[in-house]
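These notes open a run of structures that come right after.
Look for chain A in each of the two complexes below; its partner is chain B in the first and chain C in the second.
Moving on to the complex of A and B:
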């Protein structure tokens, strides 16, 4: 986990914050756009501090998610400089948009011209995680087909957050 | 100032506006081999696959996905935007957008100025009016009577339903005295109703609500909504798809974005009718903004339409288009504005007055826990509760149609974005799988009901012009005076009482709350509400049976100018409890027939 690659730290943090796996996140094809967006608005040393805190929180092989979350809450979300960035990372993944950082943060850590509310890109809109989280689809894209709206909503019985990882069957010893 | 005659040609008919009304007229007249010119203020971007696709991209990138978000505003032909609605302080108009709003309350609807007009972002609901809607004054002592009846309009409703390509079953639509011709069927089968519709209808079957001021309880009646949206065609009908490629959009695909844009054009828009006009007879001139109707002072006849062009290839000065007959079909607010700017139709003094819209009182709730209803799927609304569209109560307060919203709390609360921000904006943000679980749990149970209150005609609700307020081309901006009468306000608590009974009955938790800081916040007897506009803009150049109280006669011709017709929702003397486009389209077919008769005389 303790990888010095900042993109790796960005993905680890994103996975923990959003509740989606790194594979889910990479599959959107937008990790690069979001990482670049953050880097273009927030100074390098501040981003660096965020990645360091993330690595610290993820320390230890096979760390339990609950433990990692507790550490992130302590190291990132309780830190006035880093917390707004974490919130914006969630908003990027879910809503495909950048929200202007809080005024207090901007006056302390710098306000870039592109730190304004905006949708990151047309592709990002179509990959917003909020739509799959609510069991729907982005309005105007990834349509579900004629009459699909008359069907029961997905996951009535088995919501994805309850699904266990498929357990690998032990191979029986050959007789 | 009159301009140069643009081509030296005299057309049979010159039409202002390439929206649904102008398109229907052009098709009817062109098919009868009449030479037609349409002047459209907006651009023609929408007509190609690439152009239409660019609207979709703009929509994807828009922060606030409001009705006009896909359609760029052009300063040469500006359009209103609901994002510009602000609180109006006494004596200080709100003029940050295209409208100059003098209040006391904001007019809360918009329209699009582009080829295809506002049908690009309409929902597509195609309800007929009820027979009583045509004589509100004699029946309920409210509003006005129409100079025509439901039965007279019925054959034109059929033409309009065929042109739009309406999906509905006749058996679902017979209520409040609405009748259909023998063996009549809609072009396509009804659009499937949403899971939420079935959920509510099955739990509220035979449920009768107590209506304040009404002795007997009123039974809830649910009916599928007739929609200008492609479904399974009935025998003999071929659906019309995307105007850029007819293979696309042959059937609704469930994009859940009818307002503001159907990505595949499975939803009707006026481009489909424009595509069908005979190009040998119909010429459409875009980026041509009409500024004045030229009138001969002696005969009162119209002699030309003066307009300016903009963009590449624009003429240096004003041009004048000439025809035998003229039709203004530019949207109820734009048409009124053009008439006022031209000092046309002055006898009645009614031009610009009686501006009306449906006043949307939204109520919202969560279905019981563990009962996701699957919000944000399918067309905006697929079922109406139609019990309150007509009844004796209309003598006291507005009647209303009640669509069931399929898009969660998006209209009332900007869901699902606001839900996410609520969860992550807390001092202890909700994270990870917990965030996913709680988002699903909340948003998939969201439901809205839209109580669409009929506004009654009021002379003081009006569009005016003021030389102080002009756009970049020097044309007038609409100055709007607007408020809500007690007739409408009285219906607000009634709507609220009814919705409370409905939510209680199904065990849904009512979250409705009207913030008093909303620019559209109003009160009735100390109870507060906010309203939204429906985009159902009618009444500004109404028809009637005499020249002193109305602008056009039953033929849709102006009383004051023999060769000037008006088309559009502005001709409607009352709003009724149905979305007005279908009725307006029917009236336009009727107008086309009258124009043809006159040309062939």
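Moving on to the complex of A and C:
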């Protein structure tokens, strides 16, 4: 449950958007950097609306993630002002970079000088969730040791949905 | 245990006791690694580069020591065991050979942890015999084993281990010196000498003797590398243990460190919570790493390649824990290095 702390709301929203747990996200050590990045580019009242929507979605003790997810789809992802921010939050966690907000959004809600495409930091590059998700390592960092390329990928590092067996659709038999 | 408190360590009388002592040596060498790793991994990326490099170099040599002990044990047809339930100590713990003068903990890089490292690597007085009671230093412990080797394995008796179980530089790379192939008493004593020389240094000197054995540049013994960190100053080639370091300053930032709660335990977190799971995952990864090392030391040296990949992964898992707050105290979680049964 998100309390009145905006950082907590940011973490709850990030967990819902990325599919990783809050602990996974904290373990990257980057929650602060991403939160600050968002706050430096997006006006306080718009951020405030995002946190309010998140708290609304997380309302209720012991709420099931599926319910929260459905509410986020409605309150954030279907909201023209908030959806681009959610997309950027996902991009920050996975791809370690900020993407310029859509032109339409910028003309409606204001364009800050630092709202340009950029990698957040060297540290963020190394901790991008994309590497965990695909069971790889960031090129040029977090080396795996000689011969590691010959070993099976560490699938256990991947998010839960990767571990499920894909459901195969039954082919209809030709009549 | 070769020496219980209050008892004089009895001479090693037979091959079985020799095997047991070498197995203990393996455990003693290993037991210093988790504390060193905790200090090393707690240093934030890009900070304390000099201190981190010194600790890293010591860890590399501790790993070499494990390999050297395993080669000696294998040479006399022993069976290195890294997976039994008590192989990893339950920290905070006493060094297994020791006179219980101090406790070693899993702690972040701090003046306290460096002080403990100095105690671990403390040199014995030149030629000091095993003291009444227990071994005060690692050097005394190895002296005892060497005497046992010479007594029990006269004329290279018992040196009938498979040569294929010897780990050579083909599978051990990356630093700390080269593994020594052991096939007789002299090789065995030479291998054990490397261990004590690297740790405590050669008599009345701050260097470790590697320049004589491995033809490397002069290196400081572990004790003096930690001394450099503790005193914030490098030794020069002319310095002696008495003179202390007189070289350039070694900058240390005790704050550039993750604030890891000392001696972390998985049990600190409610079972099934994310942090509990992550902590347990680390322990499982460590168990698997030890299992690969054990395979590597028991006739499957190619398993060491996978073990090295496991070591890198272990670091990333440990650092991830150290970045995660464990409660509201401002402290973070950390790697607990606890035993996990093989079937979990």
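Please note the rule applied: the second predicted complex is superposed on the first by the 154 of 175 C-alpha atoms of A that agree within 3 Å, B and C clash if a C-alpha of one lies under 4 Å from a C-alpha of the other, contacts with A are read in each partner's own complex, and residues count from 1 in each chain.
Note that in this section a contact is a pair of C-beta atoms (placed from the backbone, for glycine too) under 8 Å apart; a residue touches a chain by one contact, two chains touch by 3 or more.
From a predicted model like this one, the values you see are computed outputs, not experimental measurements.
On the superposed chain A, the positions of chain B and chain C stay apart, so the two partners fit side by side. In the superposition on chain A, A:111 makes contact with neither chain B nor chain C. In the superposition on chain A, A:81 contacts neither chain B nor chain C. By the document's definition of touching, of the two partners only chain C reaches A:24; chain B does not. By the document's definition of touching, both partners, chain B and chain C, reach A:151. Between chain B and chain C, it is B that contacts the larger number of residues in chain A. Within the superposed three-chain model, A:91 lies in touch with chain B and out of touch with chain C [touch as defined at top].
Shared-chain residue A:143: touches chain B and chain C both. Using the contact criterion defined above for the overlaid structures, shared-chain residue A:46 touches neither chain B nor chain C, since it reaches no partner. The overlay of the two complexes leaves chain B and chain C separated by a minimum Cα distance of 6 Å. On chain A, the surface touched by chain B in one complex and the surface touched by chain C in the other have residues 143-148, 150-151, 154, 156 in common.
The part of chain A that touches chain B in the complex is made up of residues 16-20, 65, 69, 72-73, 77, 86-87, 90-91, 94-95, 97, 117-119, 121-122, 125-126, 130-131, 133-137, 139-141, 143-156, 159-161. Across the interface of their complex, chain A is touched by residues 45, 173, 273-275, 278, 281, 305-306, 308-309, 311-313, 316, 320-321, 323-325 of chain C.
On the chain A side of its complex with chain C, the touching residues are 21-24, 26-29, 123, 142-148, 150-151, 154, 156.
Here chain B touches chain A in the complex through residues 56-57, 59-63, 65, 192-195, 198, 231, 251-257, 261, 263, 372-379, 382, 406-408, 416-417, 420-421, 424-425, 428-429, 431-437, 439-440, 443-444, going by the rule given at the top.
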